[in-house]
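Residue numbering begins at 1 within each chain, and the chains themselves are lettered A, B, C, D, E and F in the order written.
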Amino acid sequence: MLYVILEAVISALLIAGGLFAFIGSMGLAHLRDFFMRLHGPTKATTLGIGCMLIASMLYFSVTQSELHLQELLITLFLFITAPVSAHLLAKVGLHQRLKFVDKTRGKPVEFLDEDIGGKPLSDSSDSNS
Amino acid sequence: MELLYAITTGVLSASGLYLTLRGRTFPVVVGLTLLSYAVNLFLFSMGGLTSNAPAIIGDSSHYSDPLPQALVLTAIVIGFAMTAFAIILAMRARGDMGNDHVDGRKAEDRGERR
Amino acid sequence: MLDTAVVISGALIALSLLLNLFRLTRGPDMPDRILALDTMYVNSIALILLMGLWMNSKTYFEAALLIALLGFISTVAVCKYLLRGDIIE
Amino acid sequence: MMRLRSWLPTPGLSLLLLIVWLLLVNQVSVGHLLLGGILAIAIPRLTSRFWDRQPTVHKPMKLVLFFLRVVGDIIVANLQVARIILSPWRRSRPHFVEYPLMLEERFTITILASTITLTPGTVSANLRMDGKTLLIHALDVEDDATLIRTIRERYEQPLKEIFEC
Amino acid sequence: MTLLWIPMLTLLGVLVPALTAQRGRPICTLATAALPTLALILTLAQFPAIADGEYPRVALEWMPQLGLDLAFRLDGLSLLFNILILGIGLLILLYAHYYLDKSESHGRFYAYLILFMASMVGIVMADNLLVLWIFWEMTSLSSFLLIGFWSHRSEARKGARMAMTVTGAGGLALLAGFLLLGDIVGSFDMQTVLDSADIILADPRYPLVLVLVLLGAFTKSAQFPFHFWLPHAMAAPTPVSAYLHSATMVKAGIFLMARLHPALAGSELWSALVAVIGITTMVYAAWFALVESDLKGILAFSTVSHLGLITVLLGIGSPMAVLAALFHILNHATFKAALFMCSGIIDHEAGTRDLSRLGKLAKAMPITCLVMSVAGAAMAGFPLFNGFLSKEMFFESTLHTQALGGLSLMLPVLATIGGALSVGYSVRLVHAVFFAEPRHAPPKHPHEPPRLMRAPAELLAALCVAIGLFPALIATWLLAPAVEAVLQAPLEFHLAIWHGFNLPLAMSGAAAAAGITAYVLHRYIRRFIRDFPSRNANLIFEGAVQYISDKAEVITEFFDNGSLQRFMALLIGTALLMGAIGLFQVETLTGPKGNQPLDGVLILGAMLLIFTGIGTAVTHRQRLLSLIMLSVVGLIVSLTFARFSAPDLALTQLSVEVVTMILLMLALFFLPQKTPRESSPSRSLRDVIMCSGLGVVIAALNYAVLTRDTNTISSFFLENSVPGGGGHNAVNVILVDFRGFDTLGEITVLAIAGLAILKLLNRLRLFMPHSDSEGRIWCPDRYPMILTTVSQPVLPLALLVSVFIFLRGHNLPGGGFIAGLITAVGLILIYMARGVDWTQQRLAFPFQPIAILGVGIATLTGFGSWLFGYPFLTSSYDHFHIPLIGDLELATALLFDLGVYLAVVGATLMILANLGKVTTSHRPSKDDSTPIPSGLHRTDISDTANPNPDAKETV
Amino acid sequence: MMSHLIILPVVLPLAAAVILLLARFGAFTRRLLALIATGALLISCVMLVGKASQGEVLYYALGNWQPPFGIVLVLDRLSALMVTVTAILSMGCVIFACGGDDEKGSNFHGLFQLQLMGINGAFLTGDLFNLFVFFEVLLLASYALLVHGGGRDRIQSAVHYVVLNLAGSALFLIAVGMLYGATGTLNMADMARAVSVMDPERNGLVVAGALMLLVVFGLKAAILPLYFWLPRTYASAPAPVAALFAVMTKVGIYAILRVYSLVFGDQAGTLEALEQPWVWWMALATLVIAAIGVLAARDLRLLVAYLVLVSVGTLLAGLGMHSPQATSALLFYLVHTTLVTGGLFLLADMIGLQRGKVGTRLVKGRTPIHATALGLLFLLGAIAVAGLPPLSGALAKALLLAAADGIQRAWLWPPLLIAGLCALVALSRAGSTLFWRSQESDNTDDQLSGWHWAGTAWLLIASPLLVVLAGPLATYTEAAAAQLNDPSAIIQALLPTEEDAP
């Protein structure tokens, strides 16, 4: 019985994971501007993978009857890295001054040249470390 | 499955070869890399395609052919070294020649554009 | 049940990959493509995990781990390239 | 204590590495504890040159709480995003928000930025070079003031308490 | 054995002038003369034996595989020639002593001369066809040097090259002829060949052999139509002309015909070829001698003419003719050498050789006049001189031959005409120089040369008279063995100065009369000639050579146009052809094993691969996009490896792919971002077709192999992996143990790549774009803070993972290589996030030693097994049980793997980090200690071209 | 130590390279080490020849894994000869490099040793994939050495050379894969055995693999449609490297000889000598085109490079004749041509150094300072390489011509002899331009050191020595050819159990 429940849980997690990943990718494919598309993969997909990792963890812990927590590592990695990727990508998007849908509110100064490098800057200002 | 695999290998090699025939260094190096991927797939498959039987003794009852795998591993590494050299040679050629044509033609000969 | 779940999940991931590919080819801008590439990396992790489940083997775990690590680094590299041109400066 | 400090300059990192090691080898045995321990001491020492300043956790319990809250928010965030993606007919309201930072430490700012990215409808898009302002792209918000307030209360304050006080 | 000393002593003589050149010319000349004199004495010492009809020979085994023995013989023919070569050679040496200018390098000249002398001695004494050929070609070489001795003169260089080319070509033909001859006879031994005339004549290849050998002989002896080089060889110093181009080298061809006479002459073909060529040459050259106005030119053409005469005699081939030929060789050598010497003296003293500027010299130099008159009379064939005797015999022979069948009657007629012309130019030579009024004044006021300079010519002239008067006494003893050697049978003959009134005498008389008339009328003849356009053989020859090399250049350009695209196309085309040939021999493409079932993920993977693979090619103009496509290919390929049970490969491919990406992007920064559209559509179409062709071949072959089962050696590895290698991961055990040698090579390759790249980057100057391809100025945020912060924990984690991957490699997927790449990538992240300056300060170790150390450790592991008496790289492993910790397996393979790890880390960082350094003040330079101020690199804006392409940089 | 002799030519340079690259020695120490290492290599190679000339095929099982499973190094007369020639050649190159070329860039001596390791490994290995690995070692090392010292021409020709060879490496892998897929083994002797017992249905696969392999080897050997990388590359390489490259084409020729004589020898049934027609006709074509190139060359280095191509055509023609006599002749020719063309590359560099701006271009320039000595060396080299007596070229060529059989003569003799004539014409033109048609100059800037002279002389002296030692050498090559002609001996030596087992 426990196995059936576990199997159900694992299956549910798997499908949920798949769904989330799919939704993330769909967001990537469907949304209208780059900054919006950025949201899909960074969140949904990460969570989707999270679900699958948990499923995998459970599955192996059950089938091989010892605790398998390795997948946590991948989750850890993803959670450390995914936001940074997203952040950098957004930075690139700003830098390249990609178009965004008109209704977006807020006027980031990033689009006003001086901070993301619209014009050449002197060399002295480039180190922030 | 074998057919599909073979077609893939063929397509990848053809694409890689096509790139190696281009006139600029960068596409050529990219082509060589692509070609080496294709070749690795080819070499790998020479031991047959086996699912779910890694050559790790004790894991299962039958194993995939480990020898081509070892060969491909060597080939990957060598391919990497070669690609690295080639691309940096391309850089050097650009630096010395002033353009990135594979024959090092002078910019004025070809009207090089960016 | 589990098999079905794996198949469904696999199909979803496959579809995701196709969508990523769509975005990768479509663009329209470089950041979109890189985002697609990054997502492909992540989806590959899912695919590998599913493969492990399907084959009941933990052999592929490291591959997933490596994709997580290396995919990140490669995305960083491309972003750095687009931002600064020079990756290592 | 001093000796321990010199041997183990970064206990947090070492602990993390030890745990990661055990997770990697997926077994807890004396041998692996020993090996993991050695690595957990050796690697931080090797890499300490590459750290600016290791963060110190002042309130570990709060950190745990913070962590749990973030996990919860992630799930919520995902559901929200899913809804937005799946209902294209619904008008989303994207918004660029400038968020003035209170935090000063690089490490904490990074955690905050990551958290913002992982949580509801927001992506931290750019950190100004002066380190004082964070640009956030929000997928669907009413007005920026609410968003700024939420973030400040939910994440920035706890982080400041945990790391910077 | 003394026989061997004759050529060897002469050959050793080459060194003497080189050693004694510094000691002044007299000593040098004397010393140089010593060894040839000794050789001459040795030769003469053999005379009694030869006179008895035997011939001494010596043979040393040299190269039996080729049938080449160092064999020499001394028979009558050799003796005759040896005496000529050495004797006249010594006289020439004496003459040259005075002839050469003080400033000229006599040592070098003597050395060349002796080298030539030795080669000639070698030719005439060779008792093996190949030995003969070897010396034959050596004469061409040494004559090249001698003709070109006055190298500052253009005509000397050209003449030398022409002589070399013509005689060299003849030599090659001769080689072919000799090889065929040797093949027919079965040996290159001279006597065997001479004894096998019937086999040779019966062989169907005989005509070919004959033509090839005669080509050699004719080119050397300047027979028509190869005569043209000889007059141009007169650009040489006169001693050379006297020696090579009258007495000896040109006689080599004659010698060859005489030598091979027994073997080759017994056919009508021989007579026809040799006699016709000979007579043509004789008349043709004599005509030119008559109208030539250069003193040496006259002598050169007369030489050609006389060589033609001898050739005719050999072509006739009757015993008397042979005798006449040999006699004329002797006579010609004496009078022609004397003539050359005199002309050299005149040239020397009067400063010109132009007949129009010479005249009335009899008063100024009476003795020379006498000598030259005697020699000239001999050449003209006047009675009482030696030339008369052999000429009479020649006329006699032409009358009695049937060599040309019905046309044989032509021979005496043409011979008489030739004789007449000979008289004509001889008379002209003497008269114009010494007695006629010069049309223009000579540049110098001539007087007699030093006594000893005249002496050789005087001696030779005396010989002319002596032989002419007492032929039986002086020449018979020399000629008899020679004739015997040529005919391979003794010949009874008697040389007399008077044979009574007969037809030959009448011919001589007619010739003399006609000749004198011709001289008297020669002004008119010359005027008549002038109406014809003159053709300078030199110009024609040079023109031909120039034409050929121009054509060669065109052809070479056509093939090798310097286009890599063409070379690649050829390579691909060849591979396509070869693969297709194999493919056509595969009867059924699908093998017995057949296909395994497909599933959706596989189809998806294949689709992705195909799509992105083609995408990489299609988008190659947008380079970054192409690169991203490539990276997807890499990702899917590694997934494919994972799918087909190769986790190690998947890991490796992944890490390599990422590193490659970074690398390509690092490089792309310095390259144009877009590729211009250059290929024409037809070119692209051709490329597509060709590549698809090869792609299809590869796919078909792949499919054919995949659908067949093969019995491979792999089962051994699977069985022995655990017991023999101590590891469960068979792939890794193969890498570090079974085929560890491959891996050693592989990491060596990697290390070399690092070193090579260091070389390439060394002082590389590149001009960095200040904006991206869309013209956007780079983002000023060099090191985004969030990235910087996150890179900090990633590095320790990456290190931990690499330790993990490293340690488990032997039993589970992983190993030193992957671990090394992970470490490297972790460090690269730091580089990316922090920059070179920052990282370099903190990274204490240099990369090159790390990489090399890795290779070193791996090598040492290999050496280690020697200590235990095992072959290189023999691994060993053992299990240790340690309390608390449990079973611990230690294998030497792990040490090897450590080497791999270090090599990979070192090499990868060497490549990437050094590449990164290019834009910083740490840029690689040869001595690694001269940082260039960073401002210098940032300022240059241009991305289009290096503004200062001439600035050479060293790598 | 004696039992490990076979591997010394590989590991000695490797160890030397590691030492040279690991520590920061001064120039003197580096040179000393390089000379010692090369000398030791030479000695061990000579010992190997002594061992091999006893007639037995010996092998060295790396890691103590017996063939066909492990990698083996095989010592027979041929491989011993090849490594020895390489060692002699490299000695000259190293000596020459000590004259200053080695300090024009980083790590010359280390890379040079690695290059030697690659070449020797390729000569010794008995494993097809290991051959690939060593090919890559030697190629990459050659790339590195090629760009040593820098300069536009070098970089430019390196681009061509590298790209073509990378594509060649890809083909190599495909070919190796095919052969493995078809025969299931990598050891060449085992492959020969497998081919002989193989189901004929697979012949096509083996043919495809073998012919593709031929393309790869042909590329390395510089056979007709694939040789275009060679002239520019060789002409632009630094002198000691170009000289060493003289043996690189021979690696390709060796590989053809080794693989096809062993795997497709007389035991291979219908597959016997499948490469022969291709090699034969392409070799003749190479010979003709190369001879034309010789005439066309307007630069001494380029001229020598085309002479290398002529030698390639000649050697491959010898291969294409496919008889023991021809093989013996080609080996003799190989020894001669490798050393002499190597020496000529060194000499060309010396001449170029003395002529100022004109360099090695065949135009009027200033007289070299040591015109006499250089001229003498040039004469020596030119005579040898043009195949004129009394030097080794003549004997080698005569041997080769004599080895041709029947109808082969009609095809081989004219191009070979005419190629010789072309070389003669071109070299006499070059020589007279370089040494005779020159203006006097007051140049006293002697850039040649004793090292230069010693290195060049070392190689060129080989030619007269070969004449003196023609008999023994020919005996050796004859025996080597006989050994090659009997692949069963190698198979028997490596896989003895195959015969014993029922």
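By definition in this document, a residue touches a chain if its C-beta (ideal position, glycine included) is under 8 Å from a C-beta of that chain, and two chains touch if they have at least 3 such contacts.
On a predicted model such as this, the values are computed, not experimentally measured, just so you know.
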item: Intersection of contact partners for chain C and chain F; value: B, E
item: Chains contacting each of chain A and chain C, listed by label; value: E
item: Pair sharing more residue contacts (C-beta pairs) when A-E is set against A-D; value: A-D
item: Chain at the geometric heart of the assembly (C-alpha centres); value: F
item: Rounded Å distance, chain B centre to chain C centre (Cα mean); value: 21
item: Distance from chain E to chain B - Cα centre to Cα centre, in angstrom; value: 39
item: Intercentroid distance (Cα basis), chain F paired with chain D, Å; value: 62
item: Contacts with 2+ other chains: residues of chain D; value: 20, 24, 113-114, 124, 127, 129, 131
item: Per-residue overlap in chain A, given as positions that touch at least 2 other chains; value: 24, 26, 38, 46, 68, 70, 73, 77, 80-82, 84, 87-88, 91, 93, 95-96, 115-116, 128
item: Residue list for chain E, restricted to those that touch at least two other chains; value: 562, 564, 568, 572, 643, 647, 668, 697-698, 705-706, 710, 712-714, 717, 738-739, 742, 745-746, 749, 752-753, 756, 760, 778-782, 784-788, 790, 793-794, 797, 801, 812-813, 834-835, 915, 953, 955
item: Those chain pairs that satisfy the touch definition; value: A-C, A-D, A-E, B-C, B-E, B-F, C-E, D-E, E-F
item: Chain E partner contacts - residues on chain A that touch it in the complex; value: 77, 80-81, 84, 87-88, 91, 95-97, 115-121, 123, 125-129
item: Interface residues, chain F side, partner chain E - complex; value: 3-4, 7, 11, 14-15, 18, 21-22, 60-65, 68-71, 104-107, 110-111, 114, 117-118, 121, 129-130, 133-134, 136-137, 140-141, 143-144, 147-152, 159-160, 163-164, 167-168, 171, 174, 177-178, 180-187, 190, 201-212, 214-215, 218-219, 225-226, 228-229, 231-232, 289, 292-296, 298, 328, 372, 379, 383, 388-390, 394-395, 398-399, 401-402, 413, 417-418, 420-421, 424-426, 428-429, 432, 435-437, 470-471, 474-475, 478
item: Chain E - residues contacting chain D, complex; value: 780-781, 784-786, 788-793, 795-797, 799-801, 803-804, 808, 830, 834, 839, 842-843, 882, 884-886, 888
item: Touching residues (chain side chain E, partner chain F) in the complex; value: 61-68, 108, 130, 133-138, 140-141, 144-145, 148, 151-152, 154, 157, 160-161, 164-165, 168-169, 171-173, 175-176, 179, 182-183, 545, 548-549, 552-553, 555-557, 559-560, 562, 564, 566-568, 570-575, 578-579, 581-588, 697-698, 701, 704-706, 708, 710-714, 716-717, 720, 724, 737-742, 744-746, 748-749, 751-753, 755-756, 758-760, 762, 848-849, 852-853, 855-856, 859, 862-863, 865-866, 870-875, 926, 952-955
item: Touching residues on chain D, where the partner in the complex is chain E; value: 13, 16-17, 20-21, 24-25, 29-31, 34, 39, 43-44, 46-47, 49-52, 106-107, 109-110, 113-114, 124, 127, 129, 131
